[in-house]
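In the two assemblies presented below, chain A is common to both, partnered first by chain B and then by chain C.
Up next, the complex of A and B:
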């Protein structure tokens, strides 16, 4: 394995700090913006590893659209009660933090075990040549040939989501008010 | 990092945006005055050209307020995001062809990746967060309203841009901005030109919406919202927003210049013929390539300058859109137009690949 460079260390630390901030911040909008930061820094790590398409797509879709949606939703919802509970109820917040640590610990352990085990010979860390990583051409060719079924199924899923949004946004037909 | 052109490219990116702000300040104020048949600032230097320096000094010395309930982290961070995002976006734009250094042809581009266009769109979509953070952290209902309006406007027109970019990518066949300019150098057929007309218009109109410029400047509508999401910002923080707005305009102009006007391409000259011109004048191969790059950069700057002037021109010509008219235009007009054009481009591309339509 290659040694991580300084920039990779910095990006990793920033992303972990932002992710912790998402969980432990008492301000909901701050959480959503830190989520954007985490997703953006992940995209930056992809670009640093040479996966330009995946990194750009990550920033475009996750940080640029999904995180915006999250921030919008958080701004529209009234979360004063939840924020108060989180800020003032220390045992409850501590329980949440403990569960976070348990979950994170289990992920770390499983990834470590995998890397020291069967993945060690198959995964190579560090930047690779640009030609070796799938660019837009390879991804599109794969999408319409080898992964056609998954592609069409996810299209159907998106279509269903759009239809659901239209139905929800239209609302019920209001009865005509009686004319006086 | 060890590339010799790394620092030159950074200098070009930073210099372009940082130089655009004072130039645009004086162009906007004198230009708007000219259009309104008045004089504009002419006191501070010859023709008022030192006015940006006076403005900058004033803004530096203004009191740096923060409203009482403002968020301590988000309030200063919002203008910072607004400034940094355009710098990142401009990194992917090719500023000139290749330069001959030590026998190697190096591209004059900070980020020579094969998905430059996608990267540029991704970074510009992050501009929304500066607006949202500013409006939310100001502890001011008018700011919040302005921010929500502005961000929903920006994400709507991002979609129109995305759909139009599909047509552009189909015509050029690549996401790499440098390759796109090379294709402009090689020339496009009449059918491909036809497929690019509507995307050009759609992206041009959407750029006004993306940068919150009139006629889409409802978020800053003075008669309605004081100053929208940057009401509570004074002094240098407001100057950051100002710089960020002009930087976003520069990025939008650079994008349009690269996709639709050929970027650093000078019509009638290719990079080789331009370099041969300088070699004939008696310069060495290296110096000829530097001069060629400088001329190409000048061409790109001229195109960007044209778009920036049109930004100013339209601002002082058209009245502001109402919010529902604005959203109507984005979703019901520009998006269907973009999709229909993409459909037409599919057909043209199919026939082009079959060799039928040249």
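Up next, the complex of A and C:
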């Protein structure tokens, strides 16, 4: 549990490489397929961490529905290979990139310090706490008892999203009203 | 830096790195569709941090929250993609440099 295994290192490197490919690729189909790769490999990491249901849900929903929807969109919009893949206004882009690097670097350093410092005793967990069984039963027990309100509100959110998609995809046709 | 690294720390750092790569992509990419893809990358990074921190606990609350995030990301991706379709239908382009104004 303490040291990451070689498989986890390999999965981590593959996901970073695929994420970099999403950003730096000039072909939109390649970006969509590399996004599917990243999501799939992250689902594999969840299963390796012991989150079996969340890993299955990630592969089903994220890699199996959302990423496929992105591939559909790329095919529908029929985007060509782009020569310029980044936006203009280079000074603002450089500032944004610098800010992201500073933000990420500072949090990485503080995570490193925390895990070597005051969290070092928390990491050595007993088998009961470290292996919280995370099958569908345990997760649904929380969903229908403690997180019931969030569950119902998210259902309403999905209903609203479906209605919004129907309205947006319907188009804008002016209907002639019948003359009475 | 890599010696004595625990598995949780590696996954938290990886989630942060994926989030940063997605943030760079949202900020820098010209195509709206690829910017939405990088948005999904950001949400994926946050989910990885949630799942890996849940190892500290004996309950599954982190996994429940992750499921809610996945659900909301699905709804948001659907609506965002139909927005892209509507913009493409009315303007013919999806370049973020040219989509500057709400009205023509």
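Here is the rule we use: the second predicted complex is superposed on the first by the 114 of 180 C-alpha atoms of A that agree within 3 Å, B and C clash if a C-alpha of one lies under 4 Å from a C-alpha of the other, contacts with A are read in each partner's own complex, and residues count from 1 in each chain.
The definition used in the following text is that a contact is a pair of C-beta atoms (placed from the backbone, for glycine too) under 8 Å apart; a residue touches a chain by one contact, two chains touch by 3 or more.
Because the structure is predicted, anything quoted here is derived from the model rather than measured.
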Inquiry  = On the A-aligned overlay, A:59 touches which partner chain: chain B = first, chain C = second, or both, or neither?
reply    = first
Item to complete: Answer with first, second, both or neither: which of chain B and chain C does A:75 touch in the superposed model?
Response: first
Exercise. Pick one for A:20: touches chain B only (first), chain C only (second), both, or neither.
Key: second
Contact-wise, after the overlay, does A:87 reach chain B, chain C, both or neither (first, second, both, neither)?
second
Counting residues of chain A touched by each of chain B and chain C, the higher count belongs to C
- [ ] Could you say whether A:33 touches chain B, chain C, both of them, or neither, answering first, second, both or neither?
- [x] first
First (chain B), second (chain C), both or neither touched by A:136
first
Chain A residues contacting chain B in one complex and chain C in the other 53, 57, 65, 67, 130
Counting only contacts in the complex, chain A reaches chain C at residues 1-5, 8-9, 12, 15-16, 19-20, 22-23, 28, 31-32, 35, 38-39, 42, 45-46, 49-51, 53-54, 57-58, 61-62, 65-67, 69-70, 73-74, 76-77, 79, 82, 84-88, 93, 96-97, 100-101, 103-104, 107-108, 111-112, 115-116, 122-123, 125, 128-130, 132, 134, 138-139, 142-143, 147, 150, 154, 157-158, 160-162, 164-165, 168-169, 171-172
Counting only contacts in the complex, chain C reaches chain A at residues 1, 4-14, 16-25, 27-31, 33-34, 36-38, 40-41, 44, 47-48, 51-52, 54-61, 63-64, 66-68, 70-79, 81-86, 88-90, 94, 96-97
In the complex, the residues of chain B that touch chain A are 71, 73-74, 113-115, 118-119, 121-123, 125-126, 128-129, 132-133, 136, 144, 148, 151-152, 155, 158, 175
Interface with chain B, chain A side, in the complex: residues 27, 29-30, 33, 36, 40, 43, 47, 52-53, 55-57, 59-60, 63-65, 67-68, 71-72, 75, 130, 135-136
